[in-house]
Amino acid sequence: MRIGVIGATGYTGSAVLGILAQRPGTEVTVVTSRGEAGRALTDSLPHLAGVPAYAGLVLEDPADLEKIRETDPGRFPEVFFLAVSHRASMALAPRILALGAKAIDLTGDFRLKSAAQYPVWYKAEHESPELLAEAVYGLPELHRAEIPRARLVANPGCYPTCVILSLAPLAEKGLLGPDSPVICDCKSGVSGAGKSPVPSSLFSEASDNFHAYKVTGHAHTPEMIQELSLLARRPLRLSFTPHLVPMNRGIEATIYLDAERLPPYQEIRGLYELRYASERFVRVRPEGRVPETADVRGTNFCDVALFLDEGAGILKIVSVIDNLARGAASQAVVNLNLVSGEDEGLGIPLAALRP
Amino acid sequence: MRIGVIGATGYTGSAVLGILAQRPGTEVTVVTSRGEAGRALTDSLPHLAGVPAYAGLVLEDPADLEKIRETDPGRFPEVFFLAVSHRASMALAPRILALGAKAIDLTGDFRLKSAAQYPVWYKAEHESPELLAEAVYGLPELHRAEIPRARLVANPGCYPTCVILSLAPLAEKGLLGPDSPVICDCKSGVSGAGKSPVPSSLFSEASDNFHAYKVTGHAHTPEMIQELSLLARRPLRLSFTPHLVPMNRGIEATIYLDAERLPPYQEIRGLYELRYASERFVRVRPEGRVPETADVRGTNFCDVALFLDEGAGILKIVSVIDNLARGAASQAVVNLNLVSGEDEGLGIPLAALRP
Amino acid sequence: MRIGVIGATGYTGSAVLGILAQRPGTEVTVVTSRGEAGRALTDSLPHLAGVPAYAGLVLEDPADLEKIRETDPGRFPEVFFLAVSHRASMALAPRILALGAKAIDLTGDFRLKSAAQYPVWYKAEHESPELLAEAVYGLPELHRAEIPRARLVANPGCYPTCVILSLAPLAEKGLLGPDSPVICDCKSGVSGAGKSPVPSSLFSEASDNFHAYKVTGHAHTPEMIQELSLLARRPLRLSFTPHLVPMNRGIEATIYLDAERLPPYQEIRGLYELRYASERFVRVRPEGRVPETADVRGTNFCDVALFLDEGAGILKIVSVIDNLARGAASQAVVNLNLVSGEDEGLGIPLAALRP
Amino acid sequence: MRIGVIGATGYTGSAVLGILAQRPGTEVTVVTSRGEAGRALTDSLPHLAGVPAYAGLVLEDPADLEKIRETDPGRFPEVFFLAVSHRASMALAPRILALGAKAIDLTGDFRLKSAAQYPVWYKAEHESPELLAEAVYGLPELHRAEIPRARLVANPGCYPTCVILSLAPLAEKGLLGPDSPVICDCKSGVSGAGKSPVPSSLFSEASDNFHAYKVTGHAHTPEMIQELSLLARRPLRLSFTPHLVPMNRGIEATIYLDAERLPPYQEIRGLYELRYASERFVRVRPEGRVPETADVRGTNFCDVALFLDEGAGILKIVSVIDNLARGAASQAVVNLNLVSGEDEGLGIPLAALRP
């Protein structure tokens, strides 16, 4: 299978390449970068210099996709990963589809079903609203049936992946609703901010420091609400706060629910264990075990645990993922596996790199 | 003024010494360490080797306090900092008082008013319950009137300092109560775990990692509830979850309240600004500014900010302190200032070391 | 092929398990831990809980190896990894060999050819000196011919792997000798110190800190000198200084040689390129590219670069490895591949996890 | 004394302000920033918001210095700190002097005596070569006699401060010379790269990573050679290699010399102890104690230790400073003390913030 990666030199693009490097039967034939076109891939990404299959790859200009298709159709990818900036996929995805390839989009551009939400959360009118209905939200645990038929997969955001998987069993059972708020206190490693040099991502700013950001609104909020409301079949009252952790990779979510409005704790545990019993990439942790981001580093796992604060009557759901893997690249490769009819786990790393 | 530091080589003890090093009129005459008695102080703590006043100090055995009092009364301290392990102050404090000195206790041993709580939260019967009523909880913003008269000051825990200061203005106005939960999601740097080599404090475990701990119960919980209930004059439903951040110093609290049960946001902002207008060590941050732990590193400040999540109807209170400074050593020195009739800010660092 | 891991819960043992998890045709049948015998493997190492093959493994007591061999010979491993503390393999290796299995030893116990060196560097008489001659030093680039025939492979130390690969091309050409010193300034991540909770490995000690250690003598020194002298066929004057870096994984070596005693710079570059042209796990970096430890994280690569300081007449050789991978676990699995006649790269990760 | 800080919002400028905040008798009357002129100082630097003296300061445009002098002479500073980018002081310093004030320059612009060196190392012709002879190199241990009379102090670079102090006792005794190379392997925290968002300073690039940089030439090299040659009264063969450490603050130097060309080790120790016996900011560490950057964090100390590698015949000098304090801001304030006739240690922090 021929694969293309648009935006190959960013953190998510290179994370996709890192996983594809060891996926059997994968041929990466096109890699692009607007800023570094013409350069050898492994000159830009020296950490991938040992992968024989990447030895000859040269970064191309994404403007040249049509030309490549025409002049060298045998090299043209069947599936593209769009690992570009938010808003850049709006125009890119229709081009990919028009060229007869499928697209797995790692931006937020096709995750929301309502075009009206884009100006609110992404500060831009959607450029291809006609594709929103067709795009499939690529969270396999929720949309496994639809993904294989999709031309355009909207790979979920990192925070939403963690939060939705943490709450889906409750939502599906109608246990979430507008009456009682769901508090989602989330924390992310700095790689989530991408490779662009912005001041808050500097080592000297982020290291030995911790703080919240976008406290009154983050673009991942509507994605969480959309998917969970869909499951719950009613509106939700969900409050999301992201924080920046001085670490490279990892997302942790600590979620708070009013236990007094829920079934007994052991019943909820049973619900989670049952819901995820056959999901190989969700690990419901044994009672008392606290999920740690290091336990999922480099993998596609989402670890979930449940705790009851009896004194305050609060149910705490604690979960972790690797923001660049399950929150981006490895989930995208799972989606590749699904759209190409392969085993869902083909090439997906199982052993976390810890420490 | 002659000062003693019991447990001088731990993180809180050496942080106290670091601050006293530049406090005018301070003479540290006794430093103790059970494990390192007989050693020069600056041999154990080479980072303090440049302080002239510490040049001749030798670590003594805390068992020898009575002997020092007897043989060398002119050297015996007027005030002691107890920077020992939890449960060790229970027996130590009465000895200090019996020797005619005052004690500022940095452990949890005299923070709770009810002796019955100690077996629950500290896994031990209290050894000196008769002192619990006398001990003053050393949070100056709450107990400034009582501290100067105290023989025994219970210096607050790090998490409670941050949480109580964040909620006191609401509690005092009767805006907290048992009906609606207060969610306190807190994060701490690793120095909070102390200098004892336990596996979870190892660099290779804590670095590039993030996780919650003691999710169903942490000994700082009753302290928060005690002080806030006292202010609110009714019970509270408070849920506290601590997390470990890969950083040395700092605590952040993100606190969630149901905004629908509270006065309008701008009214609450006004309440905080008024409450802390004359408090030099609490900075209510201007609207939109998110507190960062690096902004208080090495100082006694507590930075507090308020945010309204309109979509979910949640009030978010975000605050930060330095766990070893405001959460331990610098607050203890403020208490020293109060018990000795000095200006509250004498010797207290004002400029954060950032980066 | 049946594999055993002695000391499965330490950092090198679990790193071996992490790599074996994705090596085709590998069956781990015995895992041991003195301290945690009886516990499920994935209970001790929750980051490996998603590997189906490890689901049923229970940690056993290493004292029981003979019993396992007797009662369950079909489960007994053909090859063991000894991932224990220094000095523990001295008695363990002969037991493994006597049971008919091969041993890949990750300690320093069989690396030095002279039994007389052990009391000097490892503070203990060797318990099995008769095996020293037989043990093969498992650096494939130097001993590829001997490893396949070995019963006992002494997997190289982390620092020596980096230093020896950096200097072998010069040593082999007789360009190193006793006249001019070789200065090896090396830096390591904290995981090199292992999982034992010692004070200097605490996060609060190692983070935001940097320092040398064992400045006048580290047990890896004789290993470097032994192998390089062997190649050079004469004694060497080599000075090694290790430093501790606040990072999890990685070793960097900056090596200094008097350029005035060496052939011209471009000739030396040519020498390195030729020497390593067919070595898949050594990357001689293009001119001007500085090796970074993050570029080899999780992989078996050693990246080497050469620089000429013209002003001072100094040749600088800069190299990096991952201390837990090339410096321990992945090199051990390469040795497994060699002793079992497999392709040298079977199951060895090629793409670094960066960031 | 009225003080001005040009470039107040960068890391060195704000570090100067942090120290001045607690220096008695200091009135900061002018702070400038090209990019943030018009903003309140504590809006840009919220970590200084608790310093009463800074409450009313507004960032001004450095172009307005003459106007301030004219319209508000009573506010015009007597001494300015120039905490700007390299090459910006070349034109700024003569303006300050022309306005009748003194300048303590934290850039490299007046450190080298030979104008011819600037195009080589700073890639620019010097704009004020006439001031080079007048400028005094502000390393108090070497130039204490000249600094008080200087109008323009060239505050030393961070690496040179550490290296020169480590080698001065040998250079002064004629023990350094052109025959034998001095190898200076140095490591710095990321704050040394400043606050400009460049990719290599990103958290996700620098964290859990270690690498050398500018391996064939760094602008601090000529500064080291100039000062040490001056002491030695002959040329030197000095090789300097900087490395980037994932930490905020700190510089470590490990320096290698051929012990066979030097007096016996104990004699050299004696030389260092004697040389620095009356220097309050240089601590010659007791035998066997390895300097750690955390031991000097936030202070003006340079810790130096000597080790003999007997096997290789190498003398190792290991030293540490805080790059933003002794390597920039606190040394600059010591220079302020000297030019204003105050005690050298006025306002200089003595207790390191550790952890």
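As written, the chain order gives the labels A, B, C and D, with residue 1 at the start of each chain.
Please note the rule applied: contacts are C-beta pairs under 8 Å (C-beta built on N, C-alpha and C of every residue); 3 or more make two chains touch, one makes a residue touch a chain.
Bear in mind that the values here come from a model prediction, so they are computed numbers and not experimental data.
At the interface between subunit A and subunit D, two copies of one sequence, more than half of the residue numbers in use appear on both sides, so the contact is built from largely the same positions. Relative to subunit C, the chain whose mean Cα position lies farthest away is B. Taking the mean of the C-alpha atoms as each chain's centre, subunit A and subunit D sit 45 Å apart. Between the CA-based centres of subunit A and subunit C the separation comes to 35 Å, rounded to the whole angstrom. Each chain gets a centre from the mean of its Cα atoms; for subunit A and subunit B, those two points are 40 Å apart. Of all residues in subunit A, those touching 2 or more other chains are 11, 189, 191, 204-205, 207-208, 246-249, 292, 294, 297, 355, listed in ascending order. Note for the complex: subunit B touches subunit D at residues 11, 14, 17-19, 21-22, 43, 46-52, 191, 207-208, 248-249, 280-281, 283, 285-286, 289, 292, 294-299, 301, 303, 324, 349-355.
Subunit C makes touch with subunit D in their complex at residues 181, 183, 185, 187, 189, 204-205, 207-213, 215-217, 221, 237-239, 241, 243, 245-250, 252, 254, 256, 258, 290-294, 297, 307-314, 316, 318, 320, 355. Within the complex formed with subunit B, the subunit C residues making contact are 11, 189-191, 193, 195, 197-199, 201-208, 246-248.
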